[in-house]
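A single structure is presented below for examination.
So that you can tell them apart, the chains are marked A, B, C, D and E in the order they are listed, and the count of residues begins at 1 in each.
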Amino acid sequence: VNKPDNNTQGGGAGKYGYKIAVVTHGASGDAFWSIVKAGAEKAGSDLGLNLTYASDGDPQKQAQLIDAAVNQKVDGLVVSMANPGALKASVQKAVAAGIPVITINSGGSDSKAFGALSHVGQDESVAGNAVGTTLKAAGVKNAICVIHEAGNVGLEQRCAAAKTALGGTMTNLQVDNNNLPAAQATIKAKLQTDPSIDGVVTLGGQVAVVASNAIGEAASTAKLATFDLNADVAKAVQSGKILFAVDQQPYLQGYLGVQMLALYKSNLNVLGGGQTVLTGPTLVTKDNAAQIEKLAAAGTR
Amino acid sequence: MEPLLEIRNVAKSFGNVVSLHDISTTVHAGQVTCVLGDNGAGKSTLIKILSGVHQPDHGQLLIDGNPVTLGTPRAALDAGIATVYQDLAMVPLMAIWRNFFLGSEPTKGWGPFRRFDRKLAKEVTRQELLDMGIDIRDPDQPVGTLSGGERQSVAIARAVHFGARLLILDEPTSALGVKQAGVVLRYIVQARDRGLGVIFITHNPHHAYPVGDRFLLLNRGRSLGDFAKSEIPLAELTRLMAGGAELEQLAHELERGGGAEKVGREMREESQTFN
Amino acid sequence: MEPLLEIRNVAKSFGNVVSLHDISTTVHAGQVTCVLGDNGAGKSTLIKILSGVHQPDHGQLLIDGNPVTLGTPRAALDAGIATVYQDLAMVPLMAIWRNFFLGSEPTKGWGPFRRFDRKLAKEVTRQELLDMGIDIRDPDQPVGTLSGGERQSVAIARAVHFGARLLILDEPTSALGVKQAGVVLRYIVQARDRGLGVIFITHNPHHAYPVGDRFLLLNRGRSLGDFAKSEIPLAELTRLMAGGAELEQLAHELERGGGAEKVGREMREESQTFN
Amino acid sequence: MAGTVTGVVKTDERVVRVGLLRRLLVKPELGSLVGALVVFLFFASLSDVFRSPRGIANWLDPASTLGIMAVAIALLMIGGHFDLSAGVQTGTAAITTGLLTTYYGLNTWVALLTSLALVLTVGFLNGYLVVRTGLPSFIITLGTFLMLQGLNLGVTKIVTDTVQVNNFDQVAGYSVLHAVMASTITIGGTGFQIAILWWIVVTIGGSYLLLRTRFGNWIFAVGGDETASTNVGVPVMRTTVTLFMITSAAAWFIGNTQIVRLTSIQAQAGFGQELIYIVAAVIGGCLLTGGFGSAVGASLGALIFGMTSQGIVYAGWDADWFKFFLGAMLLLAVLANQFVRRFAESRR
Amino acid sequence: MAGTVTGVVKTDERVVRVGLLRRLLVKPELGSLVGALVVFLFFASLSDVFRSPRGIANWLDPASTLGIMAVAIALLMIGGHFDLSAGVQTGTAAITTGLLTTYYGLNTWVALLTSLALVLTVGFLNGYLVVRTGLPSFIITLGTFLMLQGLNLGVTKIVTDTVQVNNFDQVAGYSVLHAVMASTITIGGTGFQIAILWWIVVTIGGSYLLLRTRFGNWIFAVGGDETASTNVGVPVMRTTVTLFMITSAAAWFIGNTQIVRLTSIQAQAGFGQELIYIVAAVIGGCLLTGGFGSAVGASLGALIFGMTSQGIVYAGWDADWFKFFLGAMLLLAVLANQFVRRFAESRR
């Protein structure tokens, strides 16, 4: 177990050596954001950068983390903006201090206005839209959307977009991400009470697995689709328990964000000329799940 | 003369335990009423009713002849009744002077700047305790670190300071040394002479008799009688309290047992003055 | 004869408060040592050192002539020392019988099926309390709902039951009625006659003198003397404890003040037998 | 005059007769029993699936996991302490077992014993620090809670590069583990989780320990008055440390049940559950200040919680309001509980 | 023989002289003062930005918000109670103000007053229920915590269809609000948040209230021994309810500061912060059991927390281990605190 520790150390010998800070709103331990972090760190070690990653779901605290990075006079800043208004002042302070900023994942519409160079990824609603559309095509009319963290902006956006695209009924169900057996019982309870449910949308790989168990135990025929990947999801997609998974390629969001800063700092390049760089969504289905499973197990997909 | 306080047919049960049954007595201004009785007789229960801690199940309290309801200790205090509880009612972590004035803090200043007059409080506390013969080393010492008797003295000094019309003391002398006990008795007399009514609970007839004007005897929650001093001599009071015959028998028993004769004899000799 | 317990030059301070200074005395098997003194004299501190609650800062304890360290109350109990603490050491929410056997529960059964012998515990508790003249209504009653004196009786009954060699009682009679106090004295004598050493703390010379063999007098943390019974008559003991002259003066003062003459006179008359 | 000194007084005029019903009323678990009945009837009237066998099997499932932890926490709370790290310890135990087997190829049973030893050490440290420093357990276990949370995540990420441990179904002996910890028992056509059985065993065991053993007596004593307990020779340190270790052992069992059932475990498993354990114990009549409570009560508390959290789904209420209903239920339950207890005591 | 009965004994041979230093040592806040120094020196040695003016301004910012709440919670804890709903109440206050202005077009000042009235009502209910039922505040406020969490989410979603309230910078009077609650004060070229000023004011006010007023005396009394306080006539109900309402008022201030600064507020704002408030108060020397503590100590606790959470970033430690470091810091802080206190007391 030897992973290069590129957080605290300066970069690979003789490479760029820039000090880059990534500040996101993802909770530590969140599967999606751990892949973003992995991508950013890989870029850091590939390019020989001095990279720090910090995150806090509370917008005020995220803003304070950005301020701390600006104080440290980093050479570049990667920020996810789930709550653009809240970060506006801090991001603008960074820009004013001459620090190039790339926004990732969310906040694309405000990116330019705040003075960021570019935006990588897209709002959650794009992925949600993909899920809704695909489920609709599969004939789903009455679905539930399983929210595993109450009040999380990103999760709500995913459900809302999926609902719009689906057209039929979609109700939200709340479960506790940190007690998955209980989450399974809750999903099962929902399926038992309403046998007409023919679709289940989960918003994370871990919940997808228990949802597929719940569907089995409740003897329901509901089709299951999920956001985000992990090895178990890839396996379940192969075996047909999960219809498909939508992948926003979080690894790319982390990697490209950092890479673009390095390119800008060294060569004043801006990928896409400042246009939003899309990273997805891609669908993982029976066809491609087998190859992706290994990558997911390695924490890069 | 209208009695300061009259207790009429008061009764109190806790769940299935009958603590007090049909108790009546009176307390006159400038007089001391002693409540005497065995352990568990209901003495503390009675005074907790008088100080607003418990509500009686039956019966009435009258102050100056008017029926009153003492719903809270505050109400009792406002009616001029100050109590030294057997379990003392002190906050162990708080400084002595803060405990002394707790619930009746002197203030100075005005409006939003009205504040606790700490200097006055410390001074009064120190002085009142000195008057009792307790020289506290540091009024900022938490009450929890005082000895049992020192704590008792603080509680008494507080009640004496705040007792406006009626002073109630629940076994104030039991934890005290001889000297301090003497001081407490003097306080009782002084309070009486100032025209206060006093209710004094004790196990010691030698403490009760010199200062008491009335004697209420309780046994297992019931009244054994409510006597004026003129109606009952010290010997009779001692006998009633001590369960005279029983004590005789005890001394007798001790005498028979192994090496205990001498004690038995001594105890019997003492049984008249026995506390 | 080798003393059961010897205390040699023991001293103890709490922070900046010197509670005990250079105290020595002995307790022989089959004898009663009384510790007397004013409030705050350090009596409770001394017995807490003997029962393993506090460690002395200086000095030594010897049992049967061998120096011992009583690091915990358990160690003291194992050395056969049982104590009735002034603050009783009871758990208010627990039933009487559970408190009685707390820390020394009888068990039956074997291995993983070894369990608390509840029947035995309840029976013994009931019987021991009956022997003290306390007829508890329900051994399942939480100790917290007992009256002060009832609680005291439970603590004494427990110590007597478990005291193997040395029994220590810290003001056991102060909260008790006359009858119960008599019973406690009888217990002390019985324990003595069974060959136990007893340390008995009290403010009451009339309780101390009949049963005591040695008298240790403390004042403000220092020893005023350690007397055998033969060396000191009751009157002298009373005088030493009461601070004789002061009491005289008190009575005198009372006499001068307003209506307090009579009390003053009575108190002076009593001052010899005064408790 | 009172009776003679040594005479046996047969009846005591001060004691009013107490009926069986009234004696029942003062038990700490009564309030929660009533609460459980009310909650059951309430949801049963709203949804017939809720009261059907498969509905019952469904809500008994989360109740059982919670119940096992709640009994352990109840013992600890009666002993006067909290354990905020209990939830995260379930994760620590499962992650340790999972990593040791799936990533380091250790023998399954050795891995199980290792993870047990690890959480027992955590429990020991919790208890030892609490007793030695005299600091409140709330703050000590908050410290271990945060540290374990960090450890669970940090170690999982270092070893697996992801935030979860997978493939536990491929370890040797999985089928045995599954049979013991995660199989279902079919009664009348409905499958019930075996954890329900363990729950019943733990509840009975906890009650026995509390009420019938000397250790149980010490638990009440240490929680009721620590100084008094020390003074009469109760081994306070040993009792307290053992209680924390019992909690850790329960967390070990629950954590490993979870990894066996799901075949995977996430780094943040168990986080936030500690409050729910405490809630269950308190609904079940445990005093937060120690010295009072029961194992059966804690189990009933878990049952109420399980019924409520699933019942809301069966009743089809809006998920956004879930927490609101939960809070209202909790308040109602404890208020009713308290009301029954007060009533019972006044009638005693 | 002792001195005469009424004689003034000038010196007491039993009292060893106490130096000023030693007297300082017994203050509840001393341990946390030492802790704050140690934490500062530690991170200052790791990062020079941390000790630069802009670094200090940065970590004073989270410390100030936390500190204001910590002082209120410290008062409550000295009074013997918890408030688990305090964190969520900040969200409730901000969401109410935000929705009333941006969605219902209410006058900003009226909306502010309305949200104040709302959270004060919550505080009143918390206190009233705690005193009336005699249930532990932990469980009562856990109930309101859950209910408010549900309400915040449910109401926000109904009104906005999302989980946040935006555009607060477009309400009338925003600039005034911003100046009062969220502006920065430039000292020596570095901008300091105005909240730091408010924090200092609140700390001084809290200390004054506790130590110099009769209400402060009641707070200590109610937390130290409720029965004794009742018996000597302290208005226990009024004191307790007021303490809960003070906490609510602080939550109102902090919540509205947040919506003013961020111009938006999330439905889950404040959730989870309640534990941190308590941690800060405890690091600052408050006893969890009530009756002991100080406002200054709580502020120092907040300072330690703020320095630690930002210091970890300045030191460049891996975020995955953040919680681990935090837990270790907390444990070290309270252990050091306790050690100092013990030492001080033994020297007293």
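Quick note on the criterion: contacts are C-beta pairs under 8 Å (C-beta built on N, C-alpha and C of every residue); 3 or more make two chains touch, one makes a residue touch a chain.
What you see is a predicted model, and the numbers here were worked out from it, not measured in a lab.
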Enumerate, in label order, the chains that touch chain B and chain D alike. C, E
What is the chain whose Cα centroid lies farthest from the Cα centroid of chain C? A
Based only on mean CA positions, could you tell me how far chain A sits from chain B in angstrom? 73
Take the average of all CA coordinates in chain A, do the same for chain D, and state the distance between these two points in whole angstrom. 35
Shared-contact residues (touching 2 or more other chains) in chain A: 28, 150
Could you list which residues of chain B touch at least two other chains? 14, 17, 38, 137, 179, 183, 243, 246, 250
Among the residues of chain D, which ones contact at least 2 other chains? 2, 5, 14-15, 153, 157, 320, 322-323
Per the touch rule, the chain D residues reaching chain E in their complex are 129, 133-136, 138-140, 142-151, 153-154, 157, 275, 278-279, 282, 287-289, 318, 320-328, 330-331, 334-335, 338
Across the complex, what residues on chain B touch chain E? 51, 53, 72-74, 76-78, 83, 85, 88-94, 98, 101-105, 107, 114-116, 118, 130-131, 133, 135, 137-138, 158, 179, 183
Can you list the residues on chain B that touch chain C in the complex? 14, 17, 37-41, 44, 86-87, 137, 145-150, 152-153, 171, 174-183, 185-186, 189-190, 192-193, 203-204, 206-207, 209-211, 241-243, 246-247, 250, 253-254, 257-260, 263, 266-267, 270, 273-275
Of all residues in chain A, which touch chain D in the complex? 1, 3, 28-31, 34-35, 38, 147, 150, 171-174, 176-182, 185-186, 188-190, 192-194, 206, 209-210, 213, 217, 230-232, 296-300
Across the complex, what residues on chain D touch chain C? 2-3, 5-6, 8-9, 12, 14-15, 208, 212-214, 216-218, 220-221, 224-225, 227-235, 291-292
